Each structure stands twice: as structure tokens, then as C-alpha cells.
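I'd like to ask you about the structure that follows.
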């Protein structure tokens, strides 16, 4: 996706508006440096732009270290035309309180922000602005815009520092998040393409659909991983959109689809589940290598294959 | 909580504004009939009103059959002063397209709604309003209000029928949700109190915190349930708010805390987990009785207790 | 092993002496019809004759429906030069009471037999010969011989009807076993050779050696089978001959080594165990087809392999 | 069972004849010092003497570090009038080659012994007496007796050193067993009586009968132990005496029936199995304390019970 004379530049969609953490995430992708970036009003619109071939990829939030998964992203990836994740990025959630230039922290009565950001600043707000009312906005960037545009309604917004510049606001307080090390995780989704090569510290995402909701169905799914020594980093049962009570499991596992233990676990799921959707193998942003259990390396699998072939040929145990 | 002369009426908080599905859910609680109802701007504010003793309970959304769990509710219940769930309710998600009186469906260019509602109407929108732009609002009720107030910005809102009346809008299209049977699940949270008696079709909610994130930690948690024949209806791994990678599990299980198989499973979790937070046992709104495995009824447990006592006393096998 | 002019006939060893149930078992093997049959004093001698190339195979008892496994056979197969089981046979245990011609049931004071046979006739003996002393012999055939040769020591033997003829004894009582349907299982062991083709109702025998005796080691072994839907028909932990407390597991599983679910389970064992010794796949004598769990047929495995190859090639989920 | 004036001495049965390892085992029981000891011809006779009240207890072999379990003992304990194990003992298997006084090792042509002893001396025999024939006897003591009495038939016996004295034989070779540290395990069985108090290093024996032989039945049994952190030291599937294919499991587990984790595991078995027979809790002869998993001590169980009681009373999480 590098820029070559005569070759059109890459295009990326992302959850807008400009100035959000999602744009920050996208800018960490090397190929995005000279690419055309398109902010989208919703996650759905951003992913549909990939499906329709209008862009080469889309960056959307998928998980927040404080607030958990982004349901829309999980569900959009789980159904419809297949998309795969080719990269993950994290952006530290450094939240600031933004007001109009010249405004005073002590005069703040109405704060506007996204509910997740509000939750992350709960202790700070209780201590410094115990009387302030907190109002919800669809995103932190929109909250900043609302403070800039509606002087009579909102006094301050909780948003990223980047938004101060964009909406010409002042920072009334820095780093007001209760957990210093909170981060948001984003993914770059694209149309199915050859899987990026394993790096030794990879993650594989998938959705496993359960046929009938018998007791032990979840345990069955988990054993396909555990028996091959594949550790999970995230799991969520999710309704499948038909009625409460019928489920699928959205899963992130350690390892890469080209590794034998991961491949065998995936095949196991394919056999016991009603359906499995592979959402990609990609490098872990934290570069943590997987926890490897004895007997689960590719060499161990190869040795066992040779041994089985000998047994079947009658060449002894 | 009935109204007796000289006794102040019960008070309930709920996620506002008025006219949302949450109010509909609260109105299905018998004790709410003559109670004082207080709409709150956020889930956090509603639950804090319970914690502070300002109200007797709060109704908040916890899960949507299309969109999954409501992260803020799960997280607010998982930490802070303990609250318990004493009742669950579901409200069918009947979505309508609302416009200003006299407006025309074919002239709709900008639709405003909550992202979850937008996702539920995707197919309808693609078919009937393929050109329309969809804009996010913090709630469906606020979307309706925005259509009523900002004539130049939005043409229509996707919201509950109830909102038409409240904001003096017309229904441009009925039941536009893609899944006829979609519902939202709400819970009534209150301060710890004696558990409501078992009804034979109950659910128990809890949060299990994992001490160290070793491979197989999740399997260990699930086996505490499965070995006692307790089926799960929902599970989610969730970051604990310190850093991505340290998890707890938010779980709904079949059965009631006073049942022996459920009690033993809870004690098992208490022993293997770093911490367990009990979030209540309450009647299932769908009245489905649990799937009972052979050997897991209260009678089976009692028989085994008598047998063990005899063994220990040396009275033979 | 058919008899062709100029080709020496097949030779089989078996646990002697002549006239035991083991000879009956061997005679049910078609290839034994024109073969040279060699009775051996011990199971060890019979199996060593195969290892040394003196015979083509050996028939030895491995399990008795009343008494359980024959430890010597299991242990001889588990160590030393590899042997494989190519056939199993069962012989109904029809036990009779044999005395010298002209002797009287009511005069029997001392009965001699193998301890297993004695156990199988316990209730009959208690009822019909409550005063008789029961003495152990190394085999039922030897017991018959002892009655024939030592008139002053033993009055009667419990043995197979076949022994009456061989040692010129009379049958004092027919079918005196307490369980009408008791059987002994025998196996034909030979040097490693191409595995007999699957019949649709096969059994696979093996020994799994545990490296370190950590808690859960056995569970780990069993999960390698259960996760691939392979049911076990026999399992025994056995000390490995070094000290009490270090174990291996002697296992019979449903299915054939050439079947994919069995092959994958064997490879799984190979990876997690210190060592695995394959003891052969062979037709079940009871012709019972395996219990097949959904998703574990060879077709299911092949479908999953094709799917994984597509994923790895980036051809979508 | 101490000897008090006017109180009759204790009586013990054991598997005879005199001079076997079983007598050695019995003599290690303090209460046997001044007791009446009765050798029995078979394990069945010894155990029946306990059931009938003729003796206070019986010592029988149950497991051999080389050869595995003694099927007759396991099966006799599994059925009939209940007996419990109150003590285990081990006796090192020091095997010697015994011949008539004045005989010569190099002239030995026929060796007689029990098959288990023969197996333990295989390598020694192959090296020192490669030409000798090995003949089976019902016990090592009887083999010694046969050498003493039948000069023309047998040249030497493999037996315990104790037998040399009893049958006036000479030791031709010392410690000829292939595994220096082989031992035989014996148990003292008595009628049901108050369980001996826990010592901190105990073992619990039991038999679990499976109702229907569904796939996963064994896994179900093992999970009842593993979920409570109870490690097994021995397991054997055994036919139940009706037909090959219906099984029970004979199990030794770490810990004592009065410990909470063991008690709960036993109750779990009682609930999922067709039947469970408790065979006693008794001190481990090797004094090895159990492997304790986090969260499974009696204190952990008590803490969980208090916690659950608080939950049920509505006193908060």
C-alpha cells in the first residue's frame, strides 16, 4: 500500500469525527501516512465502506480497558460479508476537561461527554466537580464540538487533548481519568486477504456459533482450545440477533492460524459448532509471546504426525 | 412497598429521559404503580441514587437481544457499594420512524437515533431510505427530541412509539426493526436485602474475578458450574479497569442461590477465584425452568449429605 | 497364513496346557486351522516366542468379564520389544465340576481350581458344597490334571468341559458359574505389521506413560480422547515397575487408528505424554459400532481441513 | 485390640500359607503382636472370616509395584457385605532363589514360582539361568514347598527369604528382582467402624459404579475429584461381573473422608453414579502429604460456607 507513481494512494475509513482517538489509532499505521483518510459517522458505515470496496481498510474501536467491548464492532464483524482483522492498535486514554477559552474550572455546571469517558473520570468528577451535571454525547469529539457551539447549554467536555486544538477549546484539567493506564484497542479491518505472517506474538479472533443451547456447549468450545494448549485473552457470549437465549461466542485466542495448535483448535471448533467465522490472525500490539504448554509447539505436532504415519504403516510403536 | 397512609411512597430511579423503553420496563413493576419515578441522565446516576439511599431501586438496561450487554450497567454493578438485582424485565423493541407532523417518508434525508437502534433497522433503512444519512444520538428518546427541536438538522428519528406522543411527532413507519422478536432486558437493582424466594425458574447473576491470568483459569470457573449441573445463560470476560489483560467474568446462571447445586457452585467459585461478587437471584422473566441434570436436585444433595454423615460415623457404605 | 504347497504352515503359541479356554480361543482363528499350535507354560513364554520369531503369533488371555484384566498380559505388552494385537476373541466361561469317573458330588471335600474360576462359582459352591475346601491351582486345566493324578489330595476340579475329555474325568455338575454370560477375552499378538483394515466396529489398544505425576495428569489423557469424541471401553492406571506411585494408563478405545478422530487423539497423547505405546487396532469381537458424536466422522475432519486451508490462504471464512 | 486381662486376644486372618509376604505385612501391625493369626487358603476365605465375625480383621495383598492390582481383593471388597480398609502396609519384594541344601545354582533346570515373581526376575533369569524352564505355582511359598517336597520335579523356587527357613532350603542367589525398589501393598480390612482420625497424609478408597455406559461417564467421575482439587493415586475400570462392557471404577484418592474437599467429592460421586461404595480412609504408609491446590483446605471451605450463608440472608456480597 505504499505510494508508487501512477498507483492511487491507499484509502482508509475510520470512526469519526476527526480528532477522536480512532484517528490517532489510524495514524499509527505506517501505510496510513500518505493515504486518504475518511471519517465515518458510525462504525457500520466505516466497515461497509470496506465491504463495498470504497476503501482498503477501516479502523474502528473494539475494546476499552475500562469499559469492555464495543458491541457494534463485534456484531458487525460477526455477520454480513466477511471481513478480517489485519492489525490491532492501542491508544492510551488520556482524558482532559475542555472549556471555552477564558472559562473557569470552578464555574463548570454542565459537563458533556461519552458515557465511557464519564465512567473513567468518575472519581475525579466526584472530587473536583461534585455539583456538576454530566450529560451524554455520542462521542468525546462531538462533546467538544457541543461545548464550542452551544455556549448556553454546556460548560465543559471530557475529551482527548487533540480535540482542544480542533474545536479551539482550552484544557481546564489534564489527565483526569481515574486509571492512569487505561487504553482503547482498535482494529484495522479489511476484505479477506492472505494472512499476515506469524511474528511469534500473535492473536487470532473468531466467532463460534452454537447450534443448540445444551448445557455444556460453552465448555465444549473451550475444551477445543485448552486441549491444544491455546490460551484465550477474551471471550463473550453474545445473542445472535434472533432472540435472547441463542448465543455465539466472540473469542480472541493466543497464536496464529498457521500454527498447528491453533489450526487444529479451529478445525475442532468447525466440527462441533454450527458455524465458525474466522476474523483474522495478526500481531499483538503488546508483543507478548503466547504461554506455550509442553507438547504444543509446531515441532511437537510434526513429530506426532510422523509417529502416527509409522503406526499406520505397521512400522511399530 | 405498597402505599399505606402515613408511609411515604416507594421511589424508583431509571435511565431517562421519560418516554424511553426503560420507563416502560419500570412501569411493569407492580410496586412502581403508585411510586415516585425519577428519570436520571445516566445509568451511573440512577444506580448511585440507590446506593445513596435516595431511592428504593433503579431500573437500568443490561442486555439487548440484538446488541448484547450494556457495559456501563455490568461495570457499575461489579464495583463500588454492593447492589443486587431483584427483578428482570424485558421490553420488546418495537421501533418506529418518527417525523414532524405533516412530513413525508420520501423526503427523509437525515435520520437520527441511537447506534443500537440503527443497527436493528439496517435492512429496513437500506431498502426504504437507501440515500438517507444516519446520525447517532445518545438515546432514542433524545433522537425524537432532536427531530422535534431542530427542524433544519434532522428529518426523522428511530424511536419507541411512546416517544411520538411525548414529542408530538408522527409515525412515518411502524415496526421497522429487522428482527421481529428483538427485546431489551432491564434489571431492578436495590441495596442488599433478603433474596426473593425461589420460583422454580430463577436466574443468579455474579461477577468472578480471576487472581492470576493463567491458562485454563476460565475453564476452572466454568467447571465449578458444570460439575454441579448448573447451566449458564450469559458469560463475558471483562477487563477489570486496571489494564487490558486482567479479567473478570460476568455471568448469569440458571437457578437460585438457595438451591443446593447453585450454593455449592458459588462456594466453589469463592474458593478458586480472587473474588466473587453475588449480584442476586431473581425470577426469570421468560419463566423457563432450569435444565436439571440427573443427581442435582436439592433432594439428591440432601441424600448425599445423609450418606456422607453415615460414612463418617462408621455406619457403613 | 494360508497353507500353500512349499510354504511352511503358520505357527501359533498359546497359554497352555492343552485343553484350556485359551486353546478354544486360538481354534476360533481361521488361520489356526492348519497351523502348528504350541502350548506354553506362561504368558511370558508365549509372547517371547513371538518376539523371537519362533511363532507367527500368540494367543493369551487379557480380560475376564468377572475378574478383570490379566496383569501379566498387559505388562508384557507394555514393555520390551513391541508387539501388536491383531485380533480379539471371547470364549464363554462355561465352568463345570469335574471328578474322577465314578465319583460322587456329595463326597467332594477338596475342590481345586484357578482363583478366578473359584470366584465365579462362589454362590454355587456355597449352596451345593458348603463344607468343601477350595484350593488354588495355576490354571483350570492344571486343576483337572491334579484331580486325575492325585487321587488322595483332590476330589474335584472346576474347569472347562474340554478338560473332562483330555484328563478322562466325569462332569459332576454343568454350568456352575454364578453369571451365565461371563466370558474371557483373549488377544492374538504378533510382531508389528500393517494394521488390519477398519471394519466399522474396531478397537484400539495403547499404553500412555505419564511423565510427572501432577494432579490432573489422568484428566489430561482422557480429554485427548473426549474432545475428539472417542469413547473408552477400558482404562487402568498401572505402576510402571519402578516404584508405587509412578503410573501409566492401559487403555482400550473405540475406533481404528486409520480413522481421523482416533489418529488425532493418538497424536495428542503422543504430545502430552512421556511416551505412548500403540498396541494395535483390530475388529471388535462383539461387532458393536462406535458411539459417534456429531462432528467426528472422517468426512467432518476432511471438511474442516479444507476450510482451514482456505482460511490460511486468505480465501475468507 | 490390646490384650487386657479377661479380654480375649484379637484375631486376624491373612492370605497364607505361613511364610509369605502377607504374614510379614500382618506382623507390622502393632495390634497383631499378641493376636491370634490365622492363615487362609484364599483371599476370599480371609475376607469372609471378617464378614462372618470369626476374626477382627484380615490382611490381604491389593497391589504390587511391578504387577499391578490384585483383582480378587478389589472385587471381593467391591461386593458383598461391606468391609472397610483401616490400614495399608507395604513389604519390599526381596526375592531370592531357593534350592535344596547342597544344590548348585549351575545345575538348576526347572524353576517354580508365582507368575508375578517370575516377571520381576525376568532379566536375572535371562542372564544367569537362560536355559531354565520356569513353572507357575499359586504362591511363592507354595513354590518353596514344592521344591522341598518334589525333588525329582523342581530344582529351585523364587520366593521370600523367610521361606528358606520354613521349608529348610538354601539361598542360591540373593535379591534377584530386576527392580530393587519393588514393593507389595497390603490392606487390613475390617467390618465398618468409626473411621480412624486423619493424620494429614491419608488415602481414601472407593468403588464408583456407572449407571449407563455413556461416552464421558469416566470423565464425569474424574471431574468430581478434580474440581475439588482431590488427586487420585490409582484408578481402574473393572467389569461389574454381569457382562464385558459394563463398568465400575476402583479408585484410591488422596485425603480423608472427614476433610471437606474429600467429603464434597464423595457426595458428588454419590449424586452422579449409580452407586458408590466407600472402602475407608486410612493413613498412607509412605506418609506423603496430599498435593493441596489453592482454595481446597478445610478453612477455605468453611470461609465459603459462612460467605454463602451471608448471601442467602441478604447481608451483601
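Here the chain labels run A, B, C and D in written order, and each chain numbers its own residues starting at 1.
In this section, a contact is a pair of C-beta atoms (placed from the backbone, for glycine too) under 8 Å apart; a residue touches a chain by one contact, two chains touch by 3 or more.
The structure presented is a predicted model; accordingly, all values stated were derived computationally and were not measured.
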{"item": "Count of contact steps on the shortest path from chain A to chain C", "value": "1"}
{"item": "Euclidean distance of C-alpha centroids - chain A vs chain D, Å", "value": "58"}
{"item": "Approximate Å spacing (C-alpha centroids) for the pair chain B, chain D", "value": "57"}
{"item": "Whole-Å gap separating chain A and chain B, where each centre is the average of the chain's CA atoms", "value": "23"}
{"item": "Chain B: positions in contact with at least two other chains", "value": "223, 226"}
{"item": "Touching chain combinations (by label order)", "value": "A-B, A-C, B-D, C-D"}
{"item": "Of all residues in chain C, those that touch chain D in their complex", "value": "41-45, 63-69, 71-72, 74-76, 90, 115-116, 118-119, 122, 133-139, 179, 181-183, 185, 214-216, 218-219, 222-223, 226, 229, 231-239, 241-245, 247, 286, 291, 293"}
{"item": "Touch list for chain A against partner chain C, complex", "value": "82, 84, 192-195, 223-224, 226-228, 257-258, 263-264, 266-268, 270-272, 276-279, 294-296, 300-301, 303-305, 307-308, 311-317"}
